[in-house]
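Sharing a structure, written as structure tokens. Questions coming.
We call the chains A, B, C and D, going by the order they appear; numbering starts again at 1 in every chain.
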Amino acid sequence: MNGIKITVIGGGSSYTPELLEGIIFNQELLRVAEVWLVDVEAGQQKLSIIEGLAKRMIQKAECSIRIVATLDKREAIKGADYIITQIRVGQLKMRRYDEYISIKHGVIGQETTGAGGFMKALRTIPVILDICNDIEQLAPNAWLLNFTNPAGVVTEAVLKHCNVKVIGLCNNPINYYKKFAATYNVSMNDVSINFVGINHLIWITDLFIKGESRINDVFTGWSDSYEAKNIPAFGWDLEFLKSLGAIPCGYHKYYYQSDRILQEQLEQLERNETRADQVQKMEQELFEIYQNPDLNEKPKALEQRGGAYYSEAAVNLIKSIQLNTKDMHTLNIRNNGTIACLPNDTCIEVNCVVERHQVTPLQVGEVSPQVRGLLQNVKAYEELTVEAAVKGDKGIAHQALTLHPLIPSAERAKAILEEMFIVNKRFLPQFDL
Amino acid sequence: MNGIKITVIGGGSSYTPELLEGIIFNQELLRVAEVWLVDVEAGQQKLSIIEGLAKRMIQKAECSIRIVATLDKREAIKGADYIITQIRVGQLKMRRYDEYISIKHGVIGQETTGAGGFMKALRTIPVILDICNDIEQLAPNAWLLNFTNPAGVVTEAVLKHCNVKVIGLCNNPINYYKKFAATYNVSMNDVSINFVGINHLIWITDLFIKGESRINDVFTGWSDSYEAKNIPAFGWDLEFLKSLGAIPCGYHKYYYQSDRILQEQLEQLERNETRADQVQKMEQELFEIYQNPDLNEKPKALEQRGGAYYSEAAVNLIKSIQLNTKDMHTLNIRNNGTIACLPNDTCIEVNCVVERHQVTPLQVGEVSPQVRGLLQNVKAYEELTVEAAVKGDKGIAHQALTLHPLIPSAERAKAILEEMFIVNKRFLPQFDL
Amino acid sequence: MNGIKITVIGGGSSYTPELLEGIIFNQELLRVAEVWLVDVEAGQQKLSIIEGLAKRMIQKAECSIRIVATLDKREAIKGADYIITQIRVGQLKMRRYDEYISIKHGVIGQETTGAGGFMKALRTIPVILDICNDIEQLAPNAWLLNFTNPAGVVTEAVLKHCNVKVIGLCNNPINYYKKFAATYNVSMNDVSINFVGINHLIWITDLFIKGESRINDVFTGWSDSYEAKNIPAFGWDLEFLKSLGAIPCGYHKYYYQSDRILQEQLEQLERNETRADQVQKMEQELFEIYQNPDLNEKPKALEQRGGAYYSEAAVNLIKSIQLNTKDMHTLNIRNNGTIACLPNDTCIEVNCVVERHQVTPLQVGEVSPQVRGLLQNVKAYEELTVEAAVKGDKGIAHQALTLHPLIPSAERAKAILEEMFIVNKRFLPQFDL
Amino acid sequence: MNGIKITVIGGGSSYTPELLEGIIFNQELLRVAEVWLVDVEAGQQKLSIIEGLAKRMIQKAECSIRIVATLDKREAIKGADYIITQIRVGQLKMRRYDEYISIKHGVIGQETTGAGGFMKALRTIPVILDICNDIEQLAPNAWLLNFTNPAGVVTEAVLKHCNVKVIGLCNNPINYYKKFAATYNVSMNDVSINFVGINHLIWITDLFIKGESRINDVFTGWSDSYEAKNIPAFGWDLEFLKSLGAIPCGYHKYYYQSDRILQEQLEQLERNETRADQVQKMEQELFEIYQNPDLNEKPKALEQRGGAYYSEAAVNLIKSIQLNTKDMHTLNIRNNGTIACLPNDTCIEVNCVVERHQVTPLQVGEVSPQVRGLLQNVKAYEELTVEAAVKGDKGIAHQALTLHPLIPSAERAKAILEEMFIVNKRFLPQFDL
């Protein structure tokens, strides 16, 4: 085969057209021979819609990439150079349960944070480890780029339990580069950001524009750190940011502004308008658009979906690896002492240098107690979540959820867990339910 | 002077008769020449009552200890061998505010944990550091035994900011030895307990009776870890303890059972019966009893007060130091790498060997994620609390309280803080309020 | 069986009478039922002599301990409570080679340090691991007290590769307590010594007599740290000790005074009077004495042999375990973060608290660069020595010896190694020689 | 001023023409306005020769850079953007003593390693700290690029005792990139090298050509790692490299091949042909060439001098900083946890990402015991060397030298030290000699 093979697991996702757009745009450098789109039986219809759109996009671009849509995961993995995982075990239906059950018990319901993210991790990790098992056999040299949420927890499970070259990827960091480049009217390359944290819980400890520190600009005139489509925008208390000594990310609002967010979610719940409800509706609309046989490019509507610059992050990373550029990306990798206060074998999200053969984090060292306390607590929750998911251990699951800062007590954790276990039973074969 | 000088700062406390009983009981070994009782002007009446009782107790014991009651702190400190701090800045009146304001804002109100303990720390630390300043000048070789709550935070402030030989002491650990010795009908020396944690947040990671591990007995038949007088007794979920892999202490209930405790506190608040209210009443009764000129021993009623075996812990520690016994006590000292996941310069509560010249912790090493997550979070809160108290920094105070696991959001922290700052203003000269 | 079973592997050693004396002396507390003396076929004659003397000693003491001498290691291990290993693989003949080959190549030849100790470790570790394999099966609850040199390296091999409750023991620390007690004319209990290091490379970082630091006495008037019978006594440069900030042990002379010691050894080599030669002669004399059927106690001559207070160290340790005394001993155990600058899984020699069920080191923390540089270098050598011995890896053996501070170059290491491998071939089945 | 100001302290060095060549070659990108060459009075003649050549080089290149030669260090530092230190306190005359005294006492004499490097550090550090004092006042935003040997030790002194943005730089790493690019006939960008270590003691733990690991090529067919002009070339034992699991650098020969190197040095000493002698001769010849008024470019003869690609390393680094390129260089910076087994506050030499405002090391983590033992020992020596140089403490100086792996005993260290102190007296004002 002349050129590389990229395999997208969860290829029937509404995000796929964005990814394809990025691949097509960079085809001259990347020389992609094949893109395999894999999905499960329940997603066959969506996969088929995406396949059609993908082929029309390729055709329009007058590009020689071969598109293969299949349910045969092993065939798709075999000999791949890059494998992208963007799966949703149990589809949006289970996400809806994740959110509803959480909010009903008076805690924040969210796809990646808190009880909702926890249950998603329990469903997802066994499936990802199974994929990794195939990769070890059929594509041992492949790079696995994991986008599946909760991306940090899922990547940690792979790092701890598989022998696969994995990188966890999120669109959160690239959005900061975009945002600050726009704010200061400079190129992205003129922006330097010192990140510390884990996926969906990263702090910016310094910000440089053309080599000058500008974090104080944020402390004195900030409106909001980054307005993701999926996070409520209440703004930040500037005094709070200043004594924090860092810029929190959007997901920090679930911790620092939990009262207001919970209040809003309770109201949404009453109106049947939680984020899962919104996304479900959006998805239906998107797939209707995708089906249009005249559509041969990524539709504008996709930009409302939430994963802004997702494609750019993924394709840039593939380019850096493939071309051995040795440049910087903000990625989820093994800590290995980079953040001194977290265990070596856990997954962190920091600046890394990407080479063809390795991804190496830039040293962070010590972090302030302001950042450390929350970071360590959530990391311990994540470690237990991985352990519970892999072992199918209900006791450890209870410990994990109890530790989470958004869960007020062991008793509340237990009540939520019991209800979640009932509706998720068929997605949790590892547990004795 | 023939014999040692012991100075009790906060000598007018209702606990003092218990301490005196212990000193009298061990006088043959300790050979105490003088006990100085110091207090502030606002406590002069109580001090005078305690002085009277103390002298009657000495007389009854036919013992040669000289009792001196004074408001002159420096005179009392001068040349002392042991200085015991058991002060309550702002008296019970401020404790009542600590609890009421917390509960009113929907969070647990407690003397040492959460927002209440936080405000007590801000009031207390400057006073203790001032005492230490005197000790550095007037009694540089003295041992400072700090009982003042929150004992871990206060001791950490001294460790970080003074050059004083300080040990933080709590009656919590000794109660476990008492309890297990009683349960298994053995002597306290036959009980070995592996503790890990910080003051009022220690876990028992193993328990040995005559060299045999018995922690599984607890996991299979436990009713309650330790029923302190001041902590609600709801019992523990045995499954939870087993997956925790450790026995929590009584104060853990504020975290693991926070829903139920908060509910109870809200009800108490309505009835004007919070812990502060109860203690205030108890104190009045005690001092009425103490005034009785016929009373010449520690009254039974004191045992209801809460600090069981407080005297035994203190006097045993003084004995070990004085006699260079090299035996084990569970104490609050500098971490120095003992608990691997906590910063070196912070205060921990672990088993230590006590010698005449030094107190050395027994190595703990790594702890499980179950324990680690909560422990690290609360420790980061404590570090920030010390920093805020010493610097008088409102921003850091806000960060500290926001980090505390019992405070749900930065906004709630701010609201509580603002109200507390108003009523505490005259006790917080270090802050620009 | 009423009472405990102690098994001595290498029971035919000339040291055994000293150990027996200790057991007999403490019989009232220890209540020993049986002492099993095991040896290999080559040592049968010596074993039989020791057996005779042992029985006469028991008889004289009118004591009910049963003495069993056997070549059946497994029978001896079965159900033992304490197993003491004091073996010498290849006997004194191989020790002689260790020393001769080293000195011939211009490096110090010594039983436990440098090339000699290295070769002894390679011979000994497989035999000890084999014993541990038997212990795991036949006496899983036994405590293994390892005296076999190089005691630190051998103990580390057990800690890393077996599941046995092992403690490494050396008479070096107890000799310091004895010496300082005598110097200051106080009881051993009035002496406190802060040790840091590894077996045969421990520094005293502070010394207290009745709670007063007296290390400066040493810096200003010291003649020698401790004159073991087996180490040349050249005295110390007091200026050097002061800037070292610590008291080195006798074995440090091989590093700090290597020029003079090497010179002396070269002269001894010419006269056929190396330490191995001396010991061989001493041993012959001792066994002649032991054979005397009228001898029924430990002979005075044994005190010249080198292992002063060896018995006291061993018997005191057994007493502390058996009686759960919770007192302090200086022992070789797993580091586990105690000495911050050494890996967690390596063996260190520090003060420990001994309980019936566990031995816990007292926290040391950071050490000065003066101590750290040599300590870390020798520890890395030890780690590689264990690895080479276990894997039978000649390359790693070469790396280990090259790293040793007493070996000047990789080339010298290779030359020594090749010659040693030839004469040791039959004792190194794990290597492909 | 339009353009940057570069100040070269030790501007009269024979290396300066190479540096100027690099600046001229990159002038379009760097836009240098002024190059200030500073030297001490003893070097005035050389400085004047270099000044003449520099001006002729500028003229020939038709370039607008202003050359200023001065003895006024403060004027030269004032407002500089980049300050390069390449000084030699005591000139080559003292280097000759460093080498002669070492070899005479039977230890390797070398400019940066062992006793010679140690004495050079004691002479150099106070002078560099004095320069830094000026930088703090007169050019607080300048980057200090330190080439002065021993570069790692000198840089560590600055990191610990000054508030200056310092980077230590050596031509050793860039030579590996050059060498491997040539060997594999690829561009330098296709070469990736994983370095671990400290200046003049770095190991290559992996080597990648276009993303493929090729370190095994070295283990199977290697002749020599890198033949610097100043290090004897005896080749390496391939078996040794393989079990080392890493490629040592040229300076490792002083440790691994010390017997042969010492032998060679003893022979050179007899012939009056040590490295210092050779360099002294070379320098004289170079300055004769430099004086030629027709010479207007860097002469070929300079390439024999030893610092190959020195200019390229320096100018590339300035370009990366100035242009904020975010690319990788191998530099001497603060450890900060990058190499887990070394103290945080010490100086290491590793791959770094260079930005306009900061230089960040790539995480290394744990290293093998083979590497660790020697690395930690030499680092502890370096820490003590910095301490001795800054405090002027003879005792610490003795400890430092005793710790060095090339010094066999404390006694040898003392003898060397005493002789060196006599001849260096006027360069060591910080010591009480």
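Basically, contacts are C-beta pairs under 8 Å (C-beta built on N, C-alpha and C of every residue); 3 or more make two chains touch, one makes a residue touch a chain.
For reference, the UniProt names are A, B, C, D = Diacetylchitobiose-6-phosphate hydrolase.
Note that the structure is predicted; figures quoted are calculated from it, not measured.
Enquirer: Which chain lies the greatest distance away from chain C when centres are computed from Cα atoms alone?
Expert: A
Enquirer: Just how far, in Å, is the C-alpha centre of chain B from the one of chain A?
Expert: 45
Enquirer: Whole-Å distance, chain A centre to chain C centre, using C-alpha means?
Expert: 56
Enquirer: Two-or-more-chain contact residues of chain B, please, as numbers and ranges.
Expert: Residue numbers touching two or more other chains: none in chain B.
Enquirer: Is the chain-to-chain touch network here best called a line, a ring, a star, complete, or other?
Expert: It is a ring, because the chains touch in a row that closes back on itself.
Enquirer: Mind listing the chain D positions that touch chain A in their complex?
Expert: Per the touch definition, chain D meets chain A at residues 189-190, 192, 208, 210-213, 324, 326-328, 336-338, 340, 344, 351, 353, 355-358, 360-363, 365-366.
Enquirer: Over in the complex, which chain C residues touch chain D? Could you list them?
Expert: Touch residues, chain C against chain D: 237, 239-240, 242-244, 255-260, 341, 369-370, 372-374, 376-381, 383-384, 387, 393-396, 398-399, 402-403, 405, 408-412, 414.
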